[in-house]
Each structure stands twice: as structure tokens, then as C-alpha cells.
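Every chain is named by a letter (A, B and C) in the order it is written, and numbering of its residues begins at 1.
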Amino acid sequence: MKASEIARLVGGTLEGNGDPELVGVAPLERAGPDELSFLAHPRYLSYLGGARAGALLVSRALAGRVPTGPPRIVVADAHQALALLLPRLYPERSPEPGIHPTAVLDREAVLSEGTSIGPYAVIGRRARLGARVRIGAHTVVGDDCELGDDVVLHPHVALYAGVRIGARSILHSGVRVGVDGFGYVFSEGAHRKIPQVGWCRIGADVEIGANSTIDRGSVGPTEIGDDVKIDNLVHIGHNVRVGDHSVIVAQVGIAGSALIGRGVTLGGQAGINGHIQIGDGATIAAQAGVFGDVPAGATYSGYPARPHKQALRAQAGLFQLPELIKRIRELERAIRARARTGGARARSKE
Amino acid sequence: MKASEIARLVGGTLEGNGDPELVGVAPLERAGPDELSFLAHPRYLSYLGGARAGALLVSRALAGRVPTGPPRIVVADAHQALALLLPRLYPERSPEPGIHPTAVLDREAVLSEGTSIGPYAVIGRRARLGARVRIGAHTVVGDDCELGDDVVLHPHVALYAGVRIGARSILHSGVRVGVDGFGYVFSEGAHRKIPQVGWCRIGADVEIGANSTIDRGSVGPTEIGDDVKIDNLVHIGHNVRVGDHSVIVAQVGIAGSALIGRGVTLGGQAGINGHIQIGDGATIAAQAGVFGDVPAGATYSGYPARPHKQALRAQAGLFQLPELIKRIRELERAIRARARTGGARARSKE
Amino acid sequence: MKASEIARLVGGTLEGNGDPELVGVAPLERAGPDELSFLAHPRYLSYLGGARAGALLVSRALAGRVPTGPPRIVVADAHQALALLLPRLYPERSPEPGIHPTAVLDREAVLSEGTSIGPYAVIGRRARLGARVRIGAHTVVGDDCELGDDVVLHPHVALYAGVRIGARSILHSGVRVGVDGFGYVFSEGAHRKIPQVGWCRIGADVEIGANSTIDRGSVGPTEIGDDVKIDNLVHIGHNVRVGDHSVIVAQVGIAGSALIGRGVTLGGQAGINGHIQIGDGATIAAQAGVFGDVPAGATYSGYPARPHKQALRAQAGLFQLPELIKRIRELERAIRARARTGGARARSKE
């Protein structure tokens, strides 16, 4: 693809020669003369020196800081341009539709046109698969599951019975959905399991990272909205609801019955307590421990999580503590010294 | 099931009409006229307004706060009543006993009556399965494993060689037991693996959540006691021992050779350092980082974990810090001002 | 194996009778008269009382504190001696080479001599396996993957397309490599996926614990160096590079594009922010949250991570806070009292 074609595709301004043919995209320190590279973050300006890329895709905010060199394509946001460009340069190799002879399909399973089912996949009773669904090797779709059109399940996914997944959602390898929630009562000296009789509904355009786990509801559903993006190794407990467009970074844990609003961001390794509410558009920083409700639009961080500015001030104070302790000691000394002289003066008056 | 029958089953007091036929249980905001709902937590009192449930199961402590409405069944603890009731309303659909023709069983594996083995399961040499054991699709039982009666392994479980699991224990999808522990010595410029030649013993009535991992002992065993409940994505290192009735919430990590007592609770995402002891009945709060021994019965929280009251006071202080810094500055000003006037006074006396 | 032979093998000094025949190694509290035990940590000195081991392997530093008892073998480091000894006492049972009849191999896959492939394994197009590679049951090797000689993939591993793994590396059950990274742009009201077109290269002599996940690069590679040891349930984001000999303990999360140097140690549950650098030989304590670069050789801990000594002082201050608050209150009282008497004195002079 010529640099000029790329500029047209991403709606960018070409500066320099538009003729070079580019066959791929690579990071600055690796790109060769037949590759496009990109600059989306000032952190990587220092890599520009040795760059040998055939052309450069640059976010407008950084364009002024890029010395002259290879032809460049200036865009509002280089990442956004990549999202448009990459599917063209790297067309996805979809498996051919078809059912591998080793797949085990229950007689009552319902398939649609264009479905691809990999080796050793197991499809349960009354499971319904939409058009063009792709099921990876060894993936297990439980009884009564429903998958929308164009759903992709990578190898080794397990859906327990009764899970519903909306169109175009992607589940990576090792994801478990509809797992029994963690519910017991302690009675007569031992834990008694509360049967988990609810279900699990995943919206459309959801992506779930490798080895993440989502529990079914205890009674009623666990619900993940549309366009929710979940990273690897995330845990979502029973009866949780996550609103549309929310983003959940790797290793987050959400305890049972928490309500996560729309457009919420949960940073990596954050923990959300059970039965609390995170308001729409809120942001929870990485590793935060959230034990109470968070209002819509707020940013919380730290342990226990507090409004981010308050948490920052507390942290700043924390690292001043050794010095504060010294200052308190000084003050005490000054007061004591004064008490002695004051006392002495008082005594001399008697 | 009539409301009156349910009241009898759970040992509750029926208030109102016992005739309505109830076919299921649902949360307050979803239950319809043919469903039972429940109230076990004051947080959900506000949902009572719009509730359309046919009857209500209420914990005694909350009964006074429930306005008159549908018939209700008052019990000591609504969760406990659910544990009794749900298996009756939702009888578990066990797979029929039988061995799927695609399962690979070693010739020396020993099976008992009533066993059910799913598609593509692999059972190793000399593995011994108790009565009514259920093995999910693709689950791998290593050589020399022993499973007690009524053990349930969901799909995609992997047991390394020599794992023993007590009766009635349930392992969810993606659980790995008997994994090599993390043991190396650094010598001649590289890590040398210490062979992990121990084994792993899981007690009876244990439940282990999806994608949790338990290492085998380095030498000797890793041991999980009876009635231990482990949530999703938990890591348990080599040579750890967990006492009976302990509860380990999602994403906890326990480093090698830690000793966890009986009846201990480890909150979500807590981390337990290696070679330390958590005494019987202790509680570790969510996200705590425990670096030293914890006495029996104590509650610890925070990082590094301390007795909970002490940790709470420290946290309270942390968020007062910006104000404390101001107060120290005031004091310093006052002292300086006084020093000046004191000095002035002293000088005027000369 | 006689005690005298063991002493010779590990280069230790035998004190006592070298004749006892030892058939295995066991921890102090379990070892019987035909077993060797060991003492590598002062914590376990108290177990020596009841020990019935046939002989004892002791680190030199502790030898003076061991009362006379069974014959002992004194070595520089008991763990290092175990690493030498255990493979001799417990020779690994390798599966016989051979391809299970149920394995699905693409016609274009390339195998070498001595390969062992377990039941239901799936090997993709153009995948190349080195000599003596061992593939566990159900493991999926994607298209165009390359495995060096003697690589071991335990059951239920999934390699996405184009993953390369160096010689002798070991991947435990449930590991996912080459997963799509977490990359989206938000545009026109929804997240648009940035195709993840990079790849993943794992070095030689790497070990990766159960259920850990490693993302492929977004463009370009994610790279794990040689002799890197990764524990269970670790997450490594796209474009991360980890230098040779680094050690990553369980449940660590490394966000995208972070650069981890050589010989780095990341403690359990630590979180590393995206786009930052951890210098060679640095140590990050368990549960630390690292948000900025860490210089080579430094030790950082806490949240947000700081140089360990600074973090320790801050923590010490944190737990002194309730007392400091009292002292500040005392000072304020003293100043006020003085202000009154000072004022009174001043007034009395008028």
C-alpha cells in the first residue's frame, strides 16, 4: 500500500513523498524501509533518531516535535488511525466454515450458516449458535447456551449451562463463564453450599481476556453490558452487573452483587467489594481497594479508595512523615526549653 | 410448591396467605407473582417498593422493617433457608452415569459404580475414581491420582500426577492441582530448577473456583483440609497447609510453606508471604499483605497487615495528614513568633 | 543411595555414619529413618527435636545450631544441594516418544525425532517442533508456532498463532501465549479494537506457571528473555520485554509496553504500569504498585512504589500516626496555655 493511499484511508495529511510501498507496521526501533511506523506518545520521541521506517504516522499534537525525515502522515490520533489501517494491511485469516469431524455436537444443538467449529469442541443440548460463529479447539459450550452472530470463542473456553452471549463478542482462551458463585452458609459446623441457580448474560461487542472468570447469578443473572472490554485474569462474582462501554483491566476482582455503571474504567488489579455501586463514568485507579459506593464521574484511588486528589495528598503526606516526626520533636524541644526558662523566670520572681 | 410448604421446609413462620404456588426464586426487582423473593440484607429494603413477588423470605432481624405486602416467611437467616430450599426447587440435573466413547482411559485406571466421564476426558495410569465421580469434558486426571466418592471435576480441570481428592469435593473449570512449585537455585549464572517431587492432598467437601492453581509440595505434601472453600483465580504455593473449614476468597495468593489454620478467612486479593503462620479462626481483610505470623482469632488488614483496629487508626490518620501538616506549620509559626517576642522581651530587659 | 554417596554427589562434608541407605527426601516433621531431610532456614530449627530422619542435609550457616543426632551432610547451601540430588533420587518419568492416535496434526506441521504428543493435542499449520518436544493432552499449538528442542507443554496449554519458544522451556497447564493485547480506541460512541498483529517470543530455559497469560505484541513482539522464571497466574501485556534471568512471582501483572531489565525480581501480586522501565537487577517487593521507572539495582516497595528504605520509614510513620496526633494536640494545648499566661503576664504589666 502506498503512503499516499494510507493517508487517504486514515484521513491524514501526507507530508513528503507518497510513493513508497509499505507492507506492514512496526514499532519505531524495528521498522524497516518498507514498513510504516507511528508516534502516539512523547515517551517514544527519543527513538526517532535511529528510525529507518519508510513512513511515519504521527498524532497531530506531536507533529511539531518530529524532525524532518521519512514522509509522514499527520492524523488527529495515531492509535485511531491504526485501528482503521491494520485490518487492511493484515486481513484476518478466518478459519473456513465447517465442523471438524472430531467435534461432539448434541443432537439438539442448533447451528446457523457459516459456523466454524474446531477439533474436539463440545456443544451441549439445545445450545443455539448464530451465523458465522467460530468455536475454537476444545471449547465447551454448555447446555442451553445461546451465542449471537459472529461470536468468537478461542480454544479452551468453557461456558457452563445457560450462558447467553451477544453478537460479535470475543472470548479468549481459558475464559470460564457461568461458574458457580461463591455462596455458602455455615451451619452445624460446616459450610453448606447455596445452590447457584441463576444465569449469565454477556452483551454484544464484548471482549474477554484469557483465563478470566465470570460467575453465574445465585438467583437471577450476572450481566455484562454491550461493548464492555475485559482484560486477562479478571474475576467477576455472582449477580454483578457491568454497564455498557465499561473497561476492566487485567486482574481486577469484582465481588458479588456489585453494580458497575456505564463507561466505568477499573484499573489493573483493582478490587471492588461486594454489594457496592460504582457510578457511570467513574474511574478506579490500578490496585485500588474500593469498599464503598463511588459517585458517577469520580476518580478514586488507593486503599481504602478515596477521591484521587485526596488520596494523592494523603500519599504525599505519607512520604513526608519522617520529616514531620522530626519537626514535631523540634517543637516539643522548643516548648520544653521555653517551659524551663519560663519556669525559671517564674521562680526567680517568687 | 405452596408458600405454606416452603415455610414448613425451612422452619419459618408464615405471615399471610399460604396458598400461592411458587415455581422459583428471584431477586426482589425481578421476581414475579409466581416466584419467591428474599430479603437478607438491609441494603435491599429500598427494592421492596416495586416488588411483585408472590411471597417473601425474610431474615428475622429485618422483618420489622418490611411493610405489609405479599405473604412472608420469617426465618432466622434467609440465606440459610435458601440453602435448604433451592435444591428442592431446582433439583440438580446430574449427567447420566456412563463413559463417553471418546474418553481415553488408561488400562490400569480403576473406576467405581455410577461414574460419569465426559467427552475427551483423559484418565491416567493407576488413577482410582470413587463411586459416582463426575468428570467433565476434556478434564485430565494424571497418573496415580485418587478421587473420593462423589467428586465432581468440571470441564478442563488438570490434575498432575499423584493428586488425592476427598469425597464430595468440587473443582471448577480450569483448576490446576499438583503443579510444580516455584523453586530454583541460582548457580553458575542461571537458575537451576529444584525438582518438585512432593504431592498434593485435597480434603473432603472442598470447593475450588475456576482457574485456581495449587502447587504440589517440593518434597512432602501441599495439603488442603476438609470443607475448605476456595474462590476463583486463587494461587496456593508448594508445601502450604490450609486447615479445615477455611475460606479463601478470589485472587488470594499464598506463597510457599505458609501454614493457614482452621476456620481462617482470607479476603479477596490478599497476599500471604511464604513460611508464615495464620492462626486458627483468624480473618485477613481483602487486599491485605501479610508478611508475618497472625495470632489465632485476630483480624488483620492493610499493607503491611496489622491488627485491624490499628490499621484503621493509621488509615484515619493518613487522611488527616494534610490537615496535620497545616497544624504543625501553625505551631512552628507560633513558636517562632513567641521566640521573637520572648527574645525581644529578653533583650529589652538587658 | 548411601549417605556417603550423597555427600560425595553434593560436594558436602559427612559428619557421622555414612552407611544408612536413603530412599527419598522428606521435610523434617515427616522424614523417616530411610529418608534424608534438610535444614536450609533457621525457622525450622524447632522441628529438629522430633526429627526421625536417617540423615540431614544442612546449610553451613546453620550447622553450628544443629544438636548431635542423625548423620549430617554439611553443604554451602542445602537448597542448591537438593537441586543436584533430587533428579538422582527421583528420576523423571518421561512419557515414551510417540504421537497419540487422537492428536490432530496439520499436514504441514513439522516434527522432529523423539517427540511425544498426548491425547487430543492439536498442532497447527506449519508449526515446527524441535527434538524431544513433549506436548501434553489437549494442548493447542497454533499455526506457524516454533518450539525449540526439549520444550515441554503441559496439558491444556494454548499457543496462539506465531509463538516461538526456545529450547528446554516448560509451560504449565493452562498457560496462554500470544493472546490479543488489550488495545482499543474509543470512537463514535464505542470501542474499536486495534488489531493485534504482533507476535510473541519466549526464550530458552523459561518456565511459566499454571494459568499465566502472555499477550502478543500489538505490532512487533512481546519478548521474554532466556532463563526467565514466571510463577502461576501472572499477566504480561502486549509489547512487554522481560530481560534474561528475571523472576516473576505469582499473580504479578505487567501492563503493556513495560520494559523489565535482566535479573529483575518482581514479588507476588506486584503491578507494573505500562510504558515504564525497571532497570537491570532491580527488586520489586510483593504487592508493590510501580507507576514510574525504577533504576537498575534498586529495591522498591509499597504503593505507589518508592525506594524500599523510604517506604519502610513512611510505613513506620504511618503506624505512629495516632500517637503523633496526640503529640500535636499536646503541643497546641501547651502553646495555647502559654499564650494565655503570656497574655495575662502582658496584661498584668499594663
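By our rule, contacts are C-beta pairs under 8 Å (C-beta built on N, C-alpha and C of every residue); 3 or more make two chains touch, one makes a residue touch a chain.
Keep in mind that this is a model prediction, so the values were computed, not measured.
Residue numbering shows that chain A and chain C use the same positions for less than half of their mutual interface. Summary of the copy comparison: rotating chain A onto chain B for the best CA superposition needs 120 degrees, to the nearest 5.
Inter-chain centre distance (chain A to chain C, centres taken as mean C-alpha positions): 24 Å. Annotation for chain A: residues 102, 120, 138, 156, 174, 211, 233, 251, 269, 303, 318, 321, 324, 328, 331, 335, 338 touch two or more other chains. By the touch rule above, chain A contacts chain B in their complex via residues 102, 104, 120, 122, 138, 140, 156, 158, 160, 174, 176, 179-180, 182-187, 189-195, 197, 211, 213, 215, 219-220, 233, 235, 237, 239, 251, 253, 255, 269, 271, 273, 275, 289, 291, 303-304, 306, 310, 313-314, 317-318, 320-321, 324, 327-328, 331, 334-335, 338.
Remark: chain B residues 24-27, 30, 41, 43, 77, 79-80, 82-83, 86-87, 89-90, 92, 100, 102, 118-120, 136-138, 154-156, 170, 172-174, 205, 207, 209-211, 227, 229, 231-233, 245, 247, 249-251, 268-269, 286-287, 302-303, 315, 318-319, 321-322, 324-325, 328, 331-332, 335, 338-339, 342 touch chain A in the complex.
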